[in-house]
Every structure is written in C-alpha cells, then in structure tokens.
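This report concerns only the one structure given below.
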C-alpha cells in the first residue's frame, strides 16, 4: 500500500498580481518500507509539498491520501490527533526545546499522547541509548553538538513509532561526517516495512541512502528514479 | 532539576507560609465575651426597667428640733432601735432653768400677795359684820357702815387680783417647763435610727433648709421607691410582679410587692447626686415592699428594678 | 505536560523572575494599600469592637459614628432594658474633652466611662489592672495617648493627668484599639466620668447591651427604633455605619488610586513579559503544535505557567506586605494595622484572575502560530 499518495496538488501563495504558484499539479507517492528522497533546488516547492502532506498546510486543489485516508476530509482536531499518532518529524534546525533534556525532548510526542512522564522519559532514554547517545540523555540541547542534537531529534521522530517520518534537510546544518552518521542511523532505525520515510534534501552526498528519489523543480515532480540504497558501509 | 531552579519556589513557599501564619495570627478577634460581672437582667418576657432606692416603710424621717441650741447629750447611736417618744438627744437648757427659778419665785411672791390680801379682806369683813350687828344708828353712823362695806368689796377684788397673779405665775412656770421639755428631742415613731449627724457640743438650729441631725425610719418592712419613665406608664399593669437587684450585684434578686403609686408625676430626681443635672424626664414613682429583705439590703441602696408589664404596641 | 510547561518557564530564569516579581509588586502595592485602607477605616470601629461584651448599641438618632455622638437621656438605659430580646443593657458615657499633663502637654482626648456595675467595656491592659479605674480619681490611658502626652516617657505609677481641672492618677496603660481620630483614649469609671462631665449634664452617650441569643437582631433593633426614635444597631451595623460615615468623606479615594495603579503596573508588567516569553518561545510552541499538541493542551500548559507565576508572585508579594505591616505596627499610630484575610484573598484573586487573563491574551499569539512555519530555518 502506498503510504503517501498525492495527485495533482496545486498551491499558490498571495493573490492577484503578487500570486506565486508554488505547486503546479504535483503527483507524488511514497511507499512503506522505503526511504523516499525529495530533491530539487531551493524554492522549487519541496517544503510546501511536505507541509501539505503533513497536514500543516491545505492545498488549493488535488488530493492527499495517507495510508488510504484523505487528510483534507479530517477535522482540524482529527488532523492533529492523526499527526500525533502517525507522523514523525526531523527538522533542519532540530527544533529541540531548549528547556528540556535530551530524553525529555525525545519523549515530547509521548507527552502529547498523554503518557506518564516517567515512563515516557524512560522509553525515550532507551531509544537514545540505541541511537548511541544514551550517555547524553540528561543533557540540555545547548550542551550537545549538532550531530547529537539531530540524533535526539531523530529519536523524537521515532519514539512513538509513527508510520510516516518526514525529514526536512536533516543534514543541512551538519558537517559531512555527522550528516553521514545521522543518515546512517535514519536508514538503519527508521526504515521499517510498515513505515515510509520522506527525506527532503539537496545534499547529494547522502543520495545513496535513498530507495527512490523524486526530483522536483518549479512546482512539479520532474522525474522519479529508483535506486538501491548502498547501505552504510561508508 | 537543578537546585538553582528551586530557589525561587522555595523562597516563595517560605513566604507563603510566613504570610499565612502572620495573617492568621493578626486577625482581630470579634468574639462576644461575657461581662466580668453579670449585669441586671429581666426575668419577665415583657418588662419595664426602672431604678429604685430602698427606703423605710415609714419613709425617712428627718428629725427636727423646735429649738436651736447646743447639744449636751446624744442618747442614741445609728442603728439603735427606739420606741415612740424615746429621747434622742438633749439641748442645753441652763437659760430655761434660770427662767424656771424666776417663775417659781414669782409664784411664791404672788401667793404671799394673795395671802396678805386675804387677811385684809377677812379683817374688813369682820368689821363689816360687827357694824351690821349694831343697829343703833347712833353707835355707828350710816356713813361709817357704808365705808366698811365698800372696804370689804375692794379687798375682795384685791384678793381676786392676787389669785390671778398666782395663776399667771404658774402659767409662766408651765411655759418654761414646756421649753425645757423641748430640749429633749424624742422619736416620733417606733423605728430605727438610720443616721446620726450630731455630736455633743454641736449646734442644732431649728430652721428649715439645714441638714437633718438625725434620720429615723421604720425598716421592717423595707420599701423600694422606683422611678418609672413617664413614657412607660401606658405599659404598667396594676399590682404587677416586680424584681429588684442591687447595683453591682445582680446575682441577688429581691421580690417586690406593690404598695402604691405616688399620685403625682414629678421631674426625675438625679440619683447620681449631681446638683447641676438638667431634668429632661418626668417619672412616676411606684412604692413596693421588699418581700424578704436580708441583712445585706440597706436603706438608700440603689436598685435595678424590673416590673412585669404589658407588651409594647410594636411587640406581639 | 504541566511539568513540561513549568520546565519551559523556569528555563527562562530572567523572564520568570521578572514576571514573578511583577506579580509580587502588584500584590504588594494592592494589598499594602488595601490593608492600610481597611485598617484606617477599621479604626472607626475600634472603640466599638473594644466593648467585647456588647452586640447592641443604642444612640441618639443623629449619631453617625462613635466619635460624634449625642447623649441620650438618663432613663434610656432603663428603656432599652425593658425591650423584649434585650438580655441586658448598660450606660456608656463618652466625653470629648481636653487633658493636660504635669509637664503642660495638652491634647484633645476621648474619655470613656466604664460602668462599675458590671465592668462592661473595661479595656485590656498592657500595664496595670483594669479594675484600678474604679478607685477614686483614677484613669488608664492607651499607648497612643502615652506617646502623645508623655513623649519619651515610660509609664510609671503616680503619673497624673488633668481633666476639667481635676487631677486623676494614671493607674496603667490600656490596650485600647487605636482610634481613627488618633486622640488618646482615657478610661475612667462611669462615676468619675459623670463627675468630670460638667458641661454636658447627661450621663449616657450610648446604651450598650446584649441581645438574647434567641432574639432576632433586626427585629429587636427595629422595635427599639420605632418605639423610641433612637438609633439601635448591632455591633457590626454600628461598625459599618462608622466606616461609611468616614468613607463618605472621601478618605479612601487616595487609596483607591494607589490600589488601581499597583494593579495596573503589576499586571501590565506581567502581561508584557508573558507575551515576550511566548514570542521568544514561538519556535518551541510551533514545534509542539506540529508534534501533535492540541490547543487544549497548549492552553493548559500556559495556564499552568501563569498559575506558577501567580502563585510564586503572590506568595512573595503577600509576605512583603505582612513584613512591612509588622514593621509598621511597632509605631503607635500604626498599631492597629493588619492585613485582613479577606483583603488579601480578594487582592490575590483579582491579581490571579487578571494575570491568567493576560496569559490568555498571550495564548492568542500561540493560536496564531502557523505550524507550517516549522520548516523555516
């Protein structure tokens, strides 16, 4: 089953003379068990597309289905609950809460779901352990390196076992080595038969982790290519 | 969780406790306490309150004296029980004693005068009788005879005059003796001496407006005179029950029995003794008999009185 | 989640402290001024409360407060005693007169004659015995009077005070509550007061009494009023009347201004800082929104944050008020000062509500955050 299925999505910002058409009929599909890269130059509409897929933005026309369910047909509250349950996010700037420790940050989705704080933090710490930064579980974000912060963010995206993970330029703020290891972790721990991963990036050094690469330019998907991920032997 | 983050909450917690304790301990108390000594209370549902004075049932008799003079003997003390006409005190009577001597001498003198007159009268009567026995006109002229008759008549009048003089002298003696008797002041009733403001050697004057030297009254039974505000008169029930408690000792209650109302409503006399008191109230005086007085009730004591009454118009 | 919110707040120590102190300042200003106001106006009832035994006050119909009272006729006490529902009644003589000390100090004083019958209205004593006023030519004076008439002197037996050309001996210092007028309060026996009362010939200023426990206060006072034309009030009614009499004369207006300013300053500070806090944490709040926090949850978090600020601020502010109050109480004039719990509660409630409301305004900012902005770097 397709995890994400978009058809003819159009989106423009502003109106009248200042109207900018960002998406001009995008068809996009992401599959479970795969890591799908969405690549293209800046301003081509990648971010708008994932915002629409994640339900953070409405589209002007076209349809988005996540796991067979149409996002637009849900109420705003149902959208939030859907997002909370099924989606994980990794951001370029990590977006960790500066006041929370690494483990608490990783546990935020569990907090949102109303899980007991202690259990949530324990579960998150466990996950951090598996991601190799268990020793920093109780450090505040500002004391962590960029690579460590992104791992915490990754843990946050995984901790509630979502079915779709959306990563927005996960390596853009990192040096090559850290970016490589984060992507390695991502491909090792996020890819799962029931889960789809969408990675927006223009960092071609990490393309080799992709199962499928969708090229986008000027508001449309120009072409999609499949590739066998060359694992993390680098 | 670092300790730095706890400073503020801990300070605030301490502040909160401090504030709470301080506020709790500084709130003014607004309780009703009981009076140190119980004030007088009415035992009746509807009552009229009044103030009253304990008085003798004879009322207080201020003893007066007919005469002014120096006291030479005080025969009683305050608290003594006296019979009617018992001597209370005597005044100096030396001047009267002298007057009495004079009067006695005058009696003796006038009696001697009368005796002398009577002797002369007998003599002239004898001579008249002898003249009448001689019926010889030559032996005694008719003129002589007439003279003897008129002589006898004159002496007779003289005797009458001398007798009157004796009576006068005797009356004068009686006057002096009455005066002497008045030097001893006697109790007008059988009662108790309530007050003695008199010592031997002091001067007693007979006029009014001076403080009485002695007060006497009948204190068995004791009466109580209550001043009832004229506004309360409408609520009075004739013969109603009444209770009185002494000032400052409302624990002791005395039952009262109605005697009479004074017929005249008078301006309230101040019981506080302040002469400058302005009168703004008229009162009806009611006299009650204290049913069972005891030793701790005294004449002149101020009492709080409650008289059972009719309800007010505004009361059910 | 609430812990999460509080952690966010405490992480921003400077703003947290600013907000707490702003609330504390508002709490301090409002409660301080309100307690001054209440304490000052409360002093109008000092002498009423000091008669701890009486809950019924009967007075001339023109009498509006304790300090400005016309006398009643002498039989008034008997009349009041005769009313059903009155347990007992006693006369109280209050004189406004002048007193002079041996050193020549002169002051207007309030002279209170305590009925020697049952000693109702006897003052509590700081030094000496209250019962000593029943001795001839004796009086006791309040602490305010001591400091006014005998500045710098400690009480010692044998001190004299001259009232109406008569020398009375001071037998002690009373704990009479400070009067609104600030004049010394001198307690003497009713008889002494009567003797000193030459100018005004009546013996009764108030009839004080106790209602029977089963009596309906409103009914009894109404009957007394209707039958006699006098004013009959319960203790709290008389206190309220005295309060109203003075507050109608504009005394409290200045306090109202300060209270309002304190409230506005504190709340503006708090609201502004809260808004800045929200703005600076916009990214965090947006992230939380994206990660599935509902508006309801966010509102709860912000309420918790506001509540923490309010709780800490109110605690600190109230403690400051209490502290200054206790300091001020050492001055004779302020010895009646206290923070009524009702005032404290009301101030705290108002500040709390308004702060939470301003937090609500800040919450609108959170609502307006666009989740899609999360991808902006």
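Just so it is clear, A, B and C label the chains in written order, and each chain counts residues from 1 on its own.
Here is the rule we go by: a residue touches a chain if its C-beta (ideal position, glycine included) is under 8 Å from a C-beta of that chain, and two chains touch if they have at least 3 such contacts.
Bear in mind the structure is a predicted one, so any value in this text is a computation, not a measurement.
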| item | value |
| --- | --- |
| Maximum centroid distance from subunit C, chain identifier (CA atoms) | A |
| Of B-C and A-C, whichever chain pair has more C-beta contact pairs | B-C |
| Chain nearest the overall Cα centroid | C |
| Geometric centre distance via CA averages, subunit B-subunit A, whole Å | 121 |
| Euclidean distance of C-alpha centroids - subunit B vs subunit C, Å | 59 |
| Separation of mean Cα positions, subunit C and subunit A [Å, integer] | 63 |
| Overlap residues in subunit C, where contacts from two or more other chains coincide | 10 |
| Contacts with two or more other chains, residues of subunit B listed in rising order | none |
| For the subunit A and subunit C complex, residues of the former touching the latter | 47, 50-51, 54, 56-57, 77, 80-81, 83-85, 87, 89, 91-93, 95, 97-100, 104, 108-109, 111-114, 117, 156, 168-169, 172-173 |
| For the subunit C and subunit B complex, residues of the former touching the latter | 10, 13, 16-17, 20, 42, 49, 52-53, 55, 73-75, 77-84, 87-90, 116-120, 122, 177, 191, 194-195, 198, 201-203, 210, 223, 226-227, 311-313, 315-316, 318-323, 325-326, 338-341, 344 |
| Complex contact set, residues of subunit C against subunit A | 1, 3-4, 7-12, 283-284, 287-294, 297, 370-372, 374-375, 377 |
| Residues of subunit B defined as touching subunit C within the complex | 4-5, 8-9, 11-16, 18-19, 22-24, 26-42, 45-51, 227, 229, 231-232, 235, 247-248, 250, 268, 270, 272, 274, 276-278, 280-281, 283, 304, 306, 309, 311-315 |
